[in-house]
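What follows is chain A paired twice: with chain B in the first complex and chain C in the second.
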Partner chain A sequence: MIQKKICLLGSSNVGKTSLVKQFVEGIFNEKYLTTIGVKIDKKVVVFENEQVKLMVWDIEGSDRYNPFQEKYLRGCSGYIVVSDRTRSSSLSEAVEIHMLARKVIDCPVILAVNKYDLPATWNWNDDGLQDHHNLFDEVFDTSAKSGENVENIFLKLVELMLKD
Partner chain B sequence: MTTLLNNIINSFEQVVLEVVDTKEDIFRLVAGDCNWCKGLFPFTISHESFLICEDSPFLKDFLIDAKLIWSDTHNARIKSGFWTEVTDDGVELHLEAIAIKQNQQNLLVVSNQSEEFRLRQNTLQSARELVLFNDQLLERNEYFQVRLLTILKNPTEKNSVSTLVEIIEKAGFAVLIVDSDLITTVSNSAAETLFDQISSSVEEFEKPIDIIIKLLKDQLPEYERIMSTKSSWEGELCWMSPPATLKWLKVSLYPVKNEFNEVTNWIVFANDISNIKYLVQRNEQLAFQDMLTELPNRLSFWQALEKQVMLGKPFYLLYIDINNFRRHNEFFGHDEGDKLLIELGNRIKNSIKETDIIGRVGGDEFAVILTQIDNQEDCEKAVEYILNSTQMPFSTCQSASFNVSVSIGAANFPLNANNAEELMKFVDLSTYNGKGNIKNSLQFYSQRIKDESHHLITIEHDLKSAIKNEEFDLFLQPIVNLKDNKVMKAEALLRWCHPEKGMISPAEFIPVAEKSELIITIGKWVIARSCYLAQQLSKMGHEIKITMNLSPVQVLDENLYSYLYKCIKDYDVVPSLLELEVTEGILVDDYTKVENLLNKVRSLGLSVSVDDFGTGYSSLSHLKKLPLDFLKIDRAFVKDIANDDNDKAIVKAVIAMAHNLNLGVIAEGVETQDQLDFLTEHYCDSVQGYLFSKPVNFDAFVALLKELN
Partner chain C sequence: MSNSDSTDTIGSDLQISQLRSIILGKNSHIVTDIVKKDARHIVGDVLTEALNDRQKQDGSVNKVLLPLVEKSVEYSVAHHSDKLVSSLYPLMGRLVRKSVTAFLTDFMEKTNQLIENSFTFKGLKWRFIAWQSDISFSEYVASQIFLYRVEHVFLIHRETGLLLKSVNSVSQNNQDADLISSMLTAINDFVGDSFSIDEGGLKEQLQTVSTDTFNLLIKPGPNALVVAAVIGNPPQKVNDQLQLTLEDIHSLFDNELNDFSGDNEPFQNSENLLQDCLLSEQKNTEETSANKPWFAWIMIFLVVIFIGFQMFKSWTNNQLAAKITLIENQPGIIVKSLNVVDVNTIELHILRDPSAILVTDWLNDNDLIINNLNLTEHQYYSLDPDILYARAQKTLSEYPKITALRTNNTLVLSGFISFFKMEKLLKSLEINGYKTGINLVTTSLKLDNQDATLTSIDSKKIKIQLFNTLIERISVMKLDFDLGSDNVTLPMKIQIKHLYSYVNQLKELASELDISFGLIVIGCSDNSGNKEINEVISLNRANNVSKILHDLGLDEKLMYVTGLGQIDIETINTSARKVIFNVIHVKSKA
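Showing the complex of A and B:
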C-alpha cells in the first residue's frame, strides 16, 4: 500500500485539529483545545482504485509561543495550510508559514480557509485571498463543523501528491 | 539493583532503551516496564531486541536526528519535543523522547509526559485565547478609530451624526463620542448594555462616560496629564458597583483635535474583558505577565512599586517611553513594532541589576525601579547603561537596520513623592517633558518641570488666542546679492506681538507650537502672508523673492502642497517670487517625503534653500540628489570668520562644495565689514545680516528697498 505523510500547518486556533478529527473520525467538537507538539493520525483512502495510507501530522499552531518548526516537514509529500475566515490576520500568517515551508520542501500544497460555517470577519478581504491564490495548488473553503470540503482537501492533496 | 533501577525508572514514567543496531533501528530494553510502555513497545515484554518501525512514525522520524548524536564520539543529547501517540487499545499517550550519547553508549529514553503536557496545554490554552482576543480587539479598535477620526475631522453632510451612529452600531463593543466637555454626543447600544445598571433607580443611574471618567480619575495617575496634553491612552480599568457588578474594561481614549489643537471630541472605546481576566486569573503567571514581552505587566509593576514604597528605603523610579513609536509601527508594521518592544524590553532588563524591577506599563512604555540607588549621580549612571543598550541598532525580520531613541523620566522616593501614585504621575510628566526630542533624553522630576509644564500650557493657550486675534506679523530681512549689492530676496520671519507681554521671541513659542501641532495653522498663516507680501512688492515694482521657513512638522503635513498651491492661485503671485527654507535635519530624517515635496514645489516654480547648513548631518549624496537651489551657511560659522581659521576653512569648503553642486550660497548673520570682505573674496553669492538690516516690518522694508536698491 502506498503510504504518504501529510502535514497540517497554520496559526493556532484556526481549526487544524478539528479538520483532522472530522476527516478521520467524522466528529466535530465545539470546544477549543490547543494542540501541543504533534499528533499523528492514520487513515486509508482510495484513489483511482488504489489504497493510500495517509499519515496525517497535526502540528501545533505557529505563534509567539511556538515558532514554525521545519523539522516536522521531513519526508512530507504534501501539506495543508489552514487559515480562519473569522480572523483576517490568519491569512497573512498562513502565507508566511507557507513561505517558510517552501524554503525546505517543494511538494503539493492546499490552502484551507476554514470556519466556513461562520460569517467572515468584518475586515475579511476576498480580494486579498485572490492575491494569494497562485501561491497554492488549490484553495478550499472548509468547515470542520459541517464537514464541508473536509474530505475534498485531503482527496485533492492525494491526487496532487500521486501526480507529483 | 536491576529491580531498584526498574522501580526508579517506572516512577519517572520512563523507559530506557539501548541501541543495538543504529542502521536497522534495533533496540533493547534496559529499564522500565510500566503498562503504557508495553502498549507502545509490545516486544519489550520478551526482553528481546526489537525494531522501531513505521507504526510509530514520530519516533521513527526522530531517530534520524538521534543518529547524528549517536554517531558522534562526544557525550550529547537531543530532545524530540512532545508528541501524542494512540496505542492499539485506544489509550492516548503524551510522550517525549531523548536520544543520549553517554560514555560511548547510545540510549533512547522515552518519557510519558502526560502531567507536563496537561500543564503546558492549560497554560498555552489560556495564553492563546488571550492573544487571540487581544489581537482581535486591537485590530477592531484600530479600524474603528481611523474611520471615526476621519469622519469627525472632516465633517460633511454625508458624514452626519446618522452615519456615525450607523458605523459605531456595527462595532460590537461600547463606543462613545463625547465633546470637549465630556458630554456624550453619540453612543451605541453596546455601551448601554455594557454599562447596564439594572438595580439602580433612575436617580442613581450613572451615564457610561461618567463611570469611565470616575474610573480613570481613581485608577490612573497619568489621567490629568493625558487630558491636559490631549494624549491618547488605552488600558484596563476595573468597574465595581456593589452589590453585583464587577467588570474589567479595556478602555481606549482618542482625542479629535481641530486646527487650533483644541479637542473637539474624544472617541472612547470600552470592551468587557472580564472573561479574559478570569482566564488570566486561572493562571497566576499570566495574571502578572505582559503577554508580548513576558515582563511584569502594569498590575504586577504597581504591586512591586507599592511594596517598594512600603519598605521605606530610598529608590529611583524610571519611566521609559519610545520616541516616535507610532511612526515606527506605521512604517514597518505592527509585527515589527511588537518585535521592537520585545527586544527593547529585553535590552533594558539585561542592563539593570537583578534586584531592580522592570515592567511594561503601557503600549510603548516601560518602568523600572532602581531599588538600590538613592542619589541622582548613580541614577544617571544606571540610565547610561540602559541607553547604551537601547541605542545599539535594531533589525527587522528583513534585516533592515534602524535605531530608536527613548525619553526617560526619573523621580526619587521619598524626595519627590512618598507614594506610588504620585511617583508614577511625576515620572510620567518628566518623560512627557523630554518627549519631542528625536534624541535620547533623561529628565529628573523637579519643580522646574512642573512649572515648565504649566508655562507650556499657558503659552499654548495664548498662541491659540494669537491665531484668532491675528497677533502675528511677518518681518522681512533683506538678502543682498554680492554681485550687484542689491536686495534680491528677503527672509520672512515670524513675530508675535502679545497684547500684554509685548514681543515674544520665536525661540520661545515655536517649540511649543511644534509640540502642539499649532505650527500647522501658524505655518499656513505664514504661507498666505508671504504670498500676499510678495504680491504687494511685485505690484510696487519690486521683484523680490520671499523665502519662508518650513517647520519639520509642516513638511510632513500631507496638505502642505495643496495649501501652498491654493495660496499661490488666490494671491495670484508668480511662484518664482517664493522660496521655501527647510532645515538640514529634515533632509536626513524624512528624506523620501522631503524629496517628493521639493520636486513638486520646484516644478511649480518655487526655489528651495537649506537653512542652518553645517549644523546637521546631511550627506553629500543627499545634497546631490535633492532638488535644491541654495545653501544657507549657519551664523555660527560666520561669526568668527574673520579670526578663526577653522571657520574660515569650513566656509570656504562649503562655498566650493555648493558651487560644485550648482547651488548658490547665502551666508547668514553677517554683522561686520570684515566678515563681508571674507565672503566676497571667496565668492559667496549672497549675504544676510545686521550689517545691512535687522528684520523689519513691511513698511520699513519697502523704505529700505528704496534706499539699498
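Showing the complex of A and C:
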C-alpha cells in the first residue's frame, strides 16, 4: 500500500485540527483546544482504485510567539496551508508560512480558506486571494463544521502527490 | 603479379558479396530453412542455461513465466480439477495434519499457561494487579515471566517517518504501528532540532524511550530506523541485534530506501531480518517451578480429604444409627429421637418401661461402646406381652409354690396358695396386666388348707372386712346368655368355678364369725318374645347355674334359685339376659 506523509500548516486557530478531525473521524467540535507540537492521524483513502494511506501531521499553529516549525515537514509528500476567512491576516500569514516551507521542501501544496460556513470578515478581499492563487497548486473554500470540500481537498492533494 | 593479386582480391570480394546476398538477400530462406530444421536441437541444448543466465541478468524470466504459470494453474483448476486434486491429495493430507497438530500444540500450550497462571495464588494476584494497572493480563504476565521480551519491532523510513514493516512477538497485529512510527519520528525531530548539535555536526538522536510497560530502543541509520518495543530490561545483545539488523537492511535495501516514495511493498521481505530481533529471556527456572500451583493443589487435596472424611463420618454415623435403632425391637422401649453426632457422641431420647432392658446393658450386649451417651429416658407403662410376663415373673418370684406357664400370652397358674396370698397375688397380677378370665387362668390354683393363715388372723375386723370383700366380689359377678338360650357356656363355667371358690371362702369365714348366709341365684330375661316364656327361660338359666354349683360341691341348702322373668326397665330390657348373684347374711342367733 502506498503511504504518504502530509502536513497541515497555518496560523493559530484557523481550524487545522478541526479539518483533520472532520476528515478522519467525520465530526466537528466547537470547543477549541490548541495543538502543542504535532498531532498525527491516519486515514486510508481510495484514489483511482488504489488505496493510499495518509499520515496526516497536524502541526501546531505558528504566530509571533511560536515560529514556524519546518522540522516536521521533513519527508512530507504534500501539505495544506490553512487560512481563516474571518481573519484576513491569516491569509498573509498563510502565504508567509508557505514561503518558509518552500525553502525546505518542494511538493504539492493546497491553500484551504477555512470557516466557509461563517461570513467573511469585512476587510476580506477576494481579489487579494486571486493574487496568491499562482503560489498554490489549488485553492479551496472549506468548512470543517459543515464538511464542505474537506474530503475533496485531501483527495486533490493525493491526486497531486501521485502525479508529482 | 600485382594483376593476379588484384584479380584474387576482386574474386574474394565477389564471393563475399554473393555470400552476403545468400544470407541476407532474397535467398536468405536457404539459411533460415537449414537453421529451422535443426532449431529444436540447437535451442534445446542451450535453453536451461539461457534461462538461468537471463534470470541472473535482469530477473525477467520470472516475470514472463509467472503469468503463464498462473494461467496454466487457473486453467487446470477450472478444467482438470480432478487431476489437480489427485496430485495434491497426498500433500494436502500432510499439510492439514501438520496444521491441525500445530494448532492443537499451540492451543494446549496456551491452555496450560492459562491454567498455570490462573489457578495459583500468584496468578490471581497478577490478575488483580493487571486490572489495577489497567493493562492486559497477558502483558503483565509477560513482564513477570520474562526478564525481557521484544514485543514489537518497527522498521521506519527515516525521512518520512512512515512505517516500512513491523513484526510482533504474538500473532496479533499492532493497529497503531503507523502512528507509533510517525510519533517517534516527530519526537525524534523535536529532540534533534531542540537540543544542541554535537561537534561532528550531527543532531541529537533519541536512543531510548521508557514507559511504565515498555522500553523503546531506537537504532537510527542513514535512511531508516529500527525500533524495538521491549518489556523488561533489555540486555546489550538486543542492542547488538538491532544494530546488525539495521546494517543488513541498509545493505540489502539500499536502493529501495533511497528511492522510497511511499510504497512499502519492497520491504515485505525484511520480515525475516526483523524477526531475528524478537528476542526474549525467561526468568530463572527455579522461579518458574515455584509458579506451579502448589497452593491450589494443597487446597484441592485438603478439600478432597475433608469431603472424604465427612462422607466416611456420615457413613459410619448412619451405620451406628441403624444399629442403635434396633433397640426398638426390645420390648418396652420406644425410640423418640436419635442423633448420632459422631461415633462417640450420641443423643438418644426414649420411652422405657421399667421392666425393659437398660439401654446401657443393651449397648454393651451389642458391643456398642459409646463414650458420650446423652440419654433422655421417660418411663411408660407397656402392654407388650413380654413385658407383662416379665412383670408377672417378678411378682411370682415371691410365691415359690406357684408354677406359672405362659401359653399364647395367657398365664396359667398352678399350685397351692393360702387364701390371703392368692388375693394379694391376683391383685398384683391384675396391676401388671393379667386379669382372670382374660389372660390369666387360676383354675389349677388350689387353696392350701393346711395353711393356718386364716385361723391365724385373730383380728375380727379383718375377717369381717374379708367377708364383705368376698360378698362384693360375688355380687358383681354376672353371666351373659345368648338370645333365647339358657345354655351355660365354657367361659360361664370358669366364672362359676370362681364363684364356687368365693362361696367356699365365705363359708369358712362365716363359721368363724358366726354368721349365717345364703347365695341367691337370680335368672333374668330381656323383653323379646312371650313374657311367660321369658319367665321360664329366666328360671331355667338360674337353675342351670345352680346345678353346676351343686355339681361342684355347693350345698343346695345354701342356694335360693329364682327367675325374675323379663326386666321391664326401658334402658336395659333388650339386653338383660343374665344370671346375677347376691349373698344374704345374718348374724347367727346362737
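Everything that follows uses one rule, which is that the second predicted complex is superposed on the first by the 164 of 164 C-alpha atoms of A that agree within 3 Å, B and C clash if a C-alpha of one lies under 4 Å from a C-alpha of the other, contacts with A are read in each partner's own complex, and residues count from 1 in each chain.
Basically, a residue touches a chain if its C-beta (ideal position, glycine included) is under 8 Å from a C-beta of that chain, and two chains touch if they have at least 3 such contacts.
Everything numeric here is computed off the predicted structure, so don't read it as measured data.
Partners chain B and chain C clash in the overlay (superposition on chain A).
Contacts of A:I2 after superposition on the shared chain: chain C is touched, whereas chain B is not.
The partner that reaches more residues of chain A, of the two candidates chain B and chain C, is B.
After overlaying the two complexes on the shared chain, residue contacts for A:K71 are found with chain B and with chain C alike. In the superposition on chain A, A:M55 contacts both chain B and chain C. In the superposition on chain A, chain A positions 3, 5, 37-38, 40, 55, 69, 71, 74-75 are in contact with chain B in one complex as well as with chain C in the other.
The part of chain A that touches chain C in the complex is made up of residues 1-5, 37-38, 40-42, 52-53, 55, 57, 69, 71-72, 74-77.
Of all the residues in chain A, the ones that touch chain B in their complex are 3, 5, 12-13, 32-34, 36-40, 55, 61, 63-66, 69, 71, 74-75, 87-89, 122-123.
Those residues of chain C whose C-beta lies close enough to touch chain A in the complex are 157-163, 178-179, 182-183, 185-186, 189-190, 192-193, 261-265. Residues 54, 57-58, 61, 64-65, 81-85, 94, 117, 120-121, 124-125, 127-129, 131-132, 135-136, 139-140, 143, 170, 292 of chain B are the ones that touch chain A when the two sit in their complex.
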